[in-house]
């Protein structure tokens, strides 16, 4: 299943947030969306997942999602969005219950995703007992449990400290190498974009428009072996964005 | 998940089903609508009025709103409303200001000093839940039957919630800001004045909102003690005489008083808490 | 002049205060009087205890006895009394209870009785009825409803079976068909309903002032009895007195509407403020028996007989 | 600032003054001390007792604590306490449970549906601040002088704050969690049951704390109407009889009742909100 | 003025947080302290500034601070710690008022520090109107206003998005090049450490001990010109810390 963004524009009341966005998310690819603060990245991701509707344009599903997929478009949120009153297992079972998956069937799935995210020992822990990195791993496990056709990630690492971020980035790469998941990954961290993205969509400041789409051809597993190449891509992106970021930073909010 | 080794798609768009992604957001965001409330109230009052007119609601059980309004107009025209309001507002003002000033001082002490907190917090916890009508006989003996006991009733009623709001507010001032003040060598009193008090202001204002409602609620109790004038006294008399129209009119006046005070505090919040994000 | 404050209620039964004030009897005795009005009787005694006022008139209540026991107040004279032939408290039954056979006070055993509060004069009246008819208040269901208005409401709607109330209100209820009269308190025997009282300190330190007060007050009582006791004797004087009383009572009603109530409420007041000490002693005993007055209170502690005659 | 081109130090440690950095932290963290409160209360009661014994405090103004305690023991020994408590607790339980169940339903509606919110919120805002004693005559007419009106008084008193707590709690449930539920295609009712209700639980429990105090405060008002037994009736009688010792004993019982309920809710919070960080 | 940490150990109740920390902060140098989450970095910085006292050891001032320094040891906090009810100017004047500096004297200082942090146009803005990067710039201006002998910075950039972080890092370097301030800079971002630190102190996980002290000899202004060298230092640090970070991440909090 591919996803096609078709001429998406959006305004909240009088504020134009997005302007005529067009691109395609191909199955098995990680697309990174980068752009300065407030340019509409999160809004765009909400459109892609059907949580909100753009004023113009539409998001199209091309092809049917795999039959076994319980929730084809699945989010991973910046703030993890775990229910604090449920244990790790309970949080995963939450998204299965409504599909009528309970008991041993659910246990099998939960054990599997916990193993894949190296969380097997933490099934009974409450979110408050976990570090940020672990929480995000639980959120990833939960997402995997519903066999998504496409993962929608909104700055999944930006609430983590940089060391944990580094560790989780490795985990996401490993996971992709094993499972070749499709993903739309929003970030404003250029380093993440060049480490994880097969293709990077660069948005301008608000109203967000596509400024550039950069393909990164190095296979994910080899990227750390080519620091100079990556740095070059990153510098290219940073040059595209630097002035916009500065201007966005200087803007007075609701003065 | 598609089990591919390279990131390309298997299906050509033309051959595959194309449909928009399903929408599944929205909801869970009720808003205070500007339209519903007036309609609702108009409907409520019309039904009530009609019920009274057509005799579905016995006048003993509830007067028609128009009758209550008539009672209110009588009060206005006879000039008594001013007298009642004057008396009540004076008591409210004195009691509330007194309770607030004392509550601020005591609450601040509890918020700043371990010793004070140790004494004040359990004391307040024990005394706050005592119904003030139970204490009326005591107040009469302590303060007599003049204005003092009425003011004291309201003062007592506002003192305890103010203390709680103040020390709660002080507790909730961002410790990071206080630490910042210390790190710049600000004096103790500077920290209290420039960081703690403004930081506790939101909690203080919402405490004022509560203490003002309590003060208004206590007006009736306070005016049980030999008051000739006052909204509370008017309501009590109406209750005594089973004059339901006057009772409803009096209660409506209290309700309006409460809404006005709440509106005033809302204004104060808008002005003094402009800095809130 | 001595400045004194008198606690008064806007009731017809308090008329002597208004008469003595309006006619200058207090002035003649060198008393500079301020009238202070109360909504209920109980706080008058408390106000004397707290020193807010000097003199008051109220019924004997549990609270009053308690204050007397603590040495705060003393009875110095009698006021309203139940006397055959004069208007007095009426015992009413609800229509439903009447239809079910509650037609005399003797039928009140097992019935419910409305009163303002425990230890109030309404409570005592229930006690009087019970004693007279050979049962106790424990055989009745006493309902404390705080306010006279609530009592009337409860009686009208049949939620209580009976109550006692001052004559002019009773007349209105009976005439309107809202309740039935089943007896009068005055038929149960002597009952000194209200007394004049002051602070213990006044009786000890300002005896002269108290005496002068009583003289002036007695004049007010005499005037009232002379005119209102027999209203047909001198209609012009009656109307004049109604005018005077209307300055203080039922002020929210026009005179023509207030007059009948004022006239109908002309209860008997003890001549010369004479005090029925025997009945006071009986009341005290009843209150004590029912745990409504402190056991340590004695008649000596309660009453100072230096200021008025005593009967019996 | 030192004006150097390279990052080295100008002074040799041996030649320079060496002293510890000045300490400027600490303070602004009063703690509820386990010691202060008992000492404070013991001191307070001793002074009070002494004051009464030595005649500094007139028995009319305030009874000695020992007398109040004696009155309490009389109540216990006469077996009356059980009767009073039984009557009051029954009224409290019925009124509070009724008000809470209704409040939950109405508050949830206001928290979930725009239309309901539009009607409910202004209605509650107008009715909450009405003193319940003012409505006693109305309650007598509506519900009679039996248990119904007493329960109704408490029910009314607890209903409104519960509604406010519930819709406030629902409003404060992290919208991110709701959006998460929607993004996983959870059904509407699943979201309400599994996300909104547990998420609002902290607010509900603190709402219960408030409504329970209000219920206890209203006990006295409720038992003004024809109650033979009940702590409120006991206090009212004590006030009528000017029996200050009994009054203080009764008020102390209410205060203890309030503290017990508050403790119970504290336990419930510990158990049900274990998941809170 | 140098600062010397002399055998500092600390425990909160039963938890040992720091273990025998010794190092010196030389005038004009930026010392970066890195270490995994919860290893006691913030605690250590509080000791250095005198906001808290260690159970053992002490922090010594060697030499007197410059006479004109109003507040020799000045913090810059991760969460900015601006008073939200004061404007930008008001926040700066706050720290001058207690030194009796008001009126034109204060205005001169405030104008000067606003100019140095490129904030001149924002003096009247309230904190809520500013983006995170701007807020941190205000905090820096406030710190400069009291002419500190040593800046104590606790993860000053970790609340910012990565693009703003990049911009502010440049600003901190520029400022150092002009003013040669002394600083103790706590971070867990290794990239920040190698970009800003003359010397990097690496702490182990809790209880924090000094694992290594790494000098970085490339002048600050030249660092971006040697990406490979920097990357090498960063990789060295990451190898020192990787396992510790992973272990710290896996720890259950107050289970």
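Worth pointing out:
Here the chain labels run A, B, C, D and E in written order, and each chain numbers its own residues starting at 1.
By definition in this document, a contact is a pair of C-beta atoms (placed from the backbone, for glycine too) under 8 Å apart; a residue touches a chain by one contact, two chains touch by 3 or more.
What you see is a predicted model; the values in this text were computed from it and never measured.
Considering every other chain in turn, the ones in contact with both subunit B and subunit C prove to be D. Annotation of subunit A and subunit D: jointly contacted by B, E, touch as defined at the top. For chain pairs B-E and C-D, the one joined by more C-beta pairs in contact is C-D. In whole angstrom, the spacing between the mean C-alpha positions of subunit A and subunit E is 32. Between the CA-based centres of subunit B and subunit D the separation comes to 15 Å, rounded to the whole angstrom.
One inter-chain figure worth recording: subunit D and subunit E are separated by 44 Å, centre to centre, where each centre is the mean of the chain's CA atoms. Along subunit E, residues 49, 51, 73, 128 each make contact with two or more other chains. Residues of subunit B in contact with at least two other chains: 24-25, 137, 141-142, 179, 182-183, 185, 236, 239-240, 242. Along subunit C, residues 46, 49, 63, 147, 149-150, 153 each make contact with two or more other chains. Every pair of chains meeting the contact definition is listed here: A-B, A-D, A-E, B-C, B-D, B-E, C-D, D-E. Against subunit B, in their complex, subunit C makes its touches with residues 37-40, 43, 46-47, 49-52, 63, 147-150, 152-153. Those residues of subunit D that touch subunit A in the shared complex are 174, 176-177, 179-180, 182-187, 190, 194-195, 198, 201, 274-277.
Listed in rising order, the residues of subunit A touching subunit E in the complex are 36-37, 122, 125, 128-131, 133-134, 158, 161-164, 166-167, 188-191, 227-228, 231, 238, 241-242, 245-246, 248-255. Across the complex, subunit D is touched by residues 24-25, 27-33, 35-37, 40-41, 44, 60-62, 110-119, 121-123, 125-131, 133-138, 141-142, 175, 178-179, 182-183, 185, 188, 191, 196, 213, 216-221, 232, 235-236, 238-240, 242, 244, 247, 250-251, 254-255, 258-259, 262 of subunit B.
Every residue of subunit A that touches subunit D in the complex is listed here, in rising order: 49, 51, 71, 73-75, 77, 79, 81, 83-86, 94-95, 97-98, 126-128, 146.
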